[in-house]
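Naming follows writing order (A, B and C), and every chain is counted from residue 1.
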Amino acid sequence: MIGPIPLSHVLLASGALFTIGIAGALLRRNAIQIFLSIELMMNAANLALLGYGAALGTQQGQILVFFVIAIAAAEASVGLAIFVALFRHTESIDVNKINLLKW
Amino acid sequence: MERVIFDAAALVAIVFAGLMVAGRDPIKNVLALVVSFFALAVTYVLLLAPFIAALQIIVYAGAILVLFLFVIMLLNVGPERPDGIRRPVQTFLGSLAVVVFAGLLLGMLRTSGARLPAQPEAVAVDALPDPRALGRLLFSDYLLHFEAVSVLLLAALVGAFVLARRENAP
Amino acid sequence: MTFVDGAIVVLRVVLPALILPGLVIPLVWVERRVAAFIQDRPGPNRVGPFGLLQSPADIIKLFTKEDVVPDSTDKFLFLLAPSLAVFAALSTFAVVPYGPTVRVAGKVIPMVGADVSIGMLWVFAITSLSVYAIVLAGWSSNDKFSLFGGIRSSAQIISYELAMTTAAAGVVLAAGSFRLTDVVAMQEGAFRLVPFVPRWNVFPQAIGFIVFFVSAFAETNRLPFDLPEAEAELVAGYHTEYSAMRFGSYFLAEYINVIVASAMTATLYFGGWSLPGFHPEGWLGGLLGLLVFAAKTAFFVLVFIWVRWTLPRFRYDQLMRLGWKALLPLSLANLLWVAVLAIWRGSR
């Protein structure tokens, strides 16, 4: 219990966000949408980390989230650069159409 | 009182995340995600992490999502149109995976739920902590991590620059 | 929490939010008269005494003009963007201390909207959100000039945001806290070795002040960095397609941004509401502190106006080169200098 916020509420919210993120990543065709869903999943993980950090009364949760945010920034920039380069070659960001390595 | 605000903010985050996943126009989806991240920042403050909340808005909502917006505008990605190809296996398996995962998550929450490991130095924190404490930790116990992440950011910077460059034959 | 406490909190937050847009009306008049003075012409002097009613007349005109929403625009984003601009401009002021903490009738009232431990970070967070207002306006207008203006402006804002944040990091380092009331508190009094000079941050961190102030011009899209609005080149940049009160919202947001940027400069580098030898007591002290703060902010607003009508506009590549190759290294050098000063002061 962090003050009046029960940990189960935090975990439930985090789980719901993560599930929505997985649904988006598995069921969408647009590469940018999939990437956005992955970012959502990372934020869900951040929420869970902070929830546990506050429940255990330690700053470690915040430190971990700090690093996760920094790494997410690095990953987003490289990922989007890859999309831009890919788009220049295939003129499409539908993930079903990017299948040049198929047999 | 804090619980009500937390529940409301979490609900807003979840609703807008759902809108983001279900929407067709990428720009509106990015905006929905911005609202969702803002609501998450509110929850972070309630979880006694104001510095992380500010970072969330500055970095995630204010930089990463702006980058997404720029790329969407650069590639002129319009609203998604259904392309008429039915993909029954993919849709079925995807939905099955989501349902199974949700079930697993709920099951885990129900059984082990909010049980915490035995903490010898459990400190009750009820005031908003000062960012100074975070800074001290960052530069003492987590110094290696800090330096490693800065090298990672440099690598990402160079990588993004090289990948997105136009390959003009000189 | 009694009703009076609640009312005090509400007033602390709501009064600046209401007063700031109100201040824009005389500010527009001041800008036009000062511009006219610099350009050796009279300026508005017909409508009311000294042209004072010109601004209210313009407001009435903006409210009653026909609101044209072109068909080819993305309506939702088009209508959302101006409100985002005003929201961002007003929210930034929430953490700026506009007066000392006074004790009135037994109640301690800090004269700041929200005295959070992450005050400075809040300002930068909201500034990064203001990019959305501009980029969405440029995109949703479905118009080449707007898109150019929107993209240029957002690239300009995020570039100068870096230099501005690093310059402000120097102030944070010197104050040891993100809280803006702490920043003002460490600038109280005068220097030990030079007794008549107030202990303002501008003196040890002059370079940081210059970087911050120049970046503020770029952040608020004011000349010499107003290429995104480029009145002669891009029609009206990102707000070309907006008419009547939607354009009015952007206009309002720009002037509020100018006021807030001046207030931030006064708070970070010139001691906010404090003066050396001034120890405010009671409501009179609060009022005097507020007046000092207002005077400093007004001075910087005048500098904003003065520079606008004096310097020519930067070309876009010159603008980007200045931000990345000149201001950012300077702000990093300033940070290094402040770190050296902090270590020297700590070891004394």
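By definition in this document, a contact is a pair of C-beta atoms (placed from the backbone, for glycine too) under 8 Å apart; a residue touches a chain by one contact, two chains touch by 3 or more.
The structure displayed is predicted, hence computed values, not measured ones.
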Topology of the chain contact graph, where touching chains are joined (line, ring, star, complete, other): line
Winner on C-beta contact pairs when B-C is weighed against A-B: A-B
Distance between chain centroids, defined by C-alpha means - chain A, chain C (Å): 34
For chain B paired with chain C, centre-to-centre distance based on mean C-alpha positions, whole Å: 30
Geometric centre distance via CA averages, chain B-chain A, whole Å: 5
In chain B, residues with contacts to at least two other chains: 51, 55, 63
Chain B-facing residues of chain C, complex: 74, 76-77, 80, 116-118, 121-122, 124-126, 128-129, 131-132, 135-136, 139, 147, 151, 154, 158, 176-178
Residue numbers on chain B that touch chain A, as the complex places them: 1-3, 6-7, 10, 13-14, 17-18, 20-21, 26, 29-30, 33, 36-37, 40, 43-44, 46-49, 51-52, 55-56, 59-60, 63-64, 67-68, 71-72, 74-75, 77, 80, 83, 85, 87, 91, 94-95, 97-98, 101-102, 105-106, 109, 113-114, 116-117, 119, 122-126, 129, 133-134, 137-138, 142, 145, 149, 152-153, 155-157, 159-161, 163-164, 166
Of chain A, residues touching chain B in the complex: 2-13, 15-24, 26-30, 32-33, 35-37, 39-40, 43, 46-47, 50-59, 61-63, 65-67, 69-78, 80-85, 87-88, 93-94, 96
Touching residues (chain side chain B, partner chain C) in the complex: 27-28, 31, 34, 50-51, 53-55, 57-58, 61-63, 66, 69-70, 73, 128, 130-132
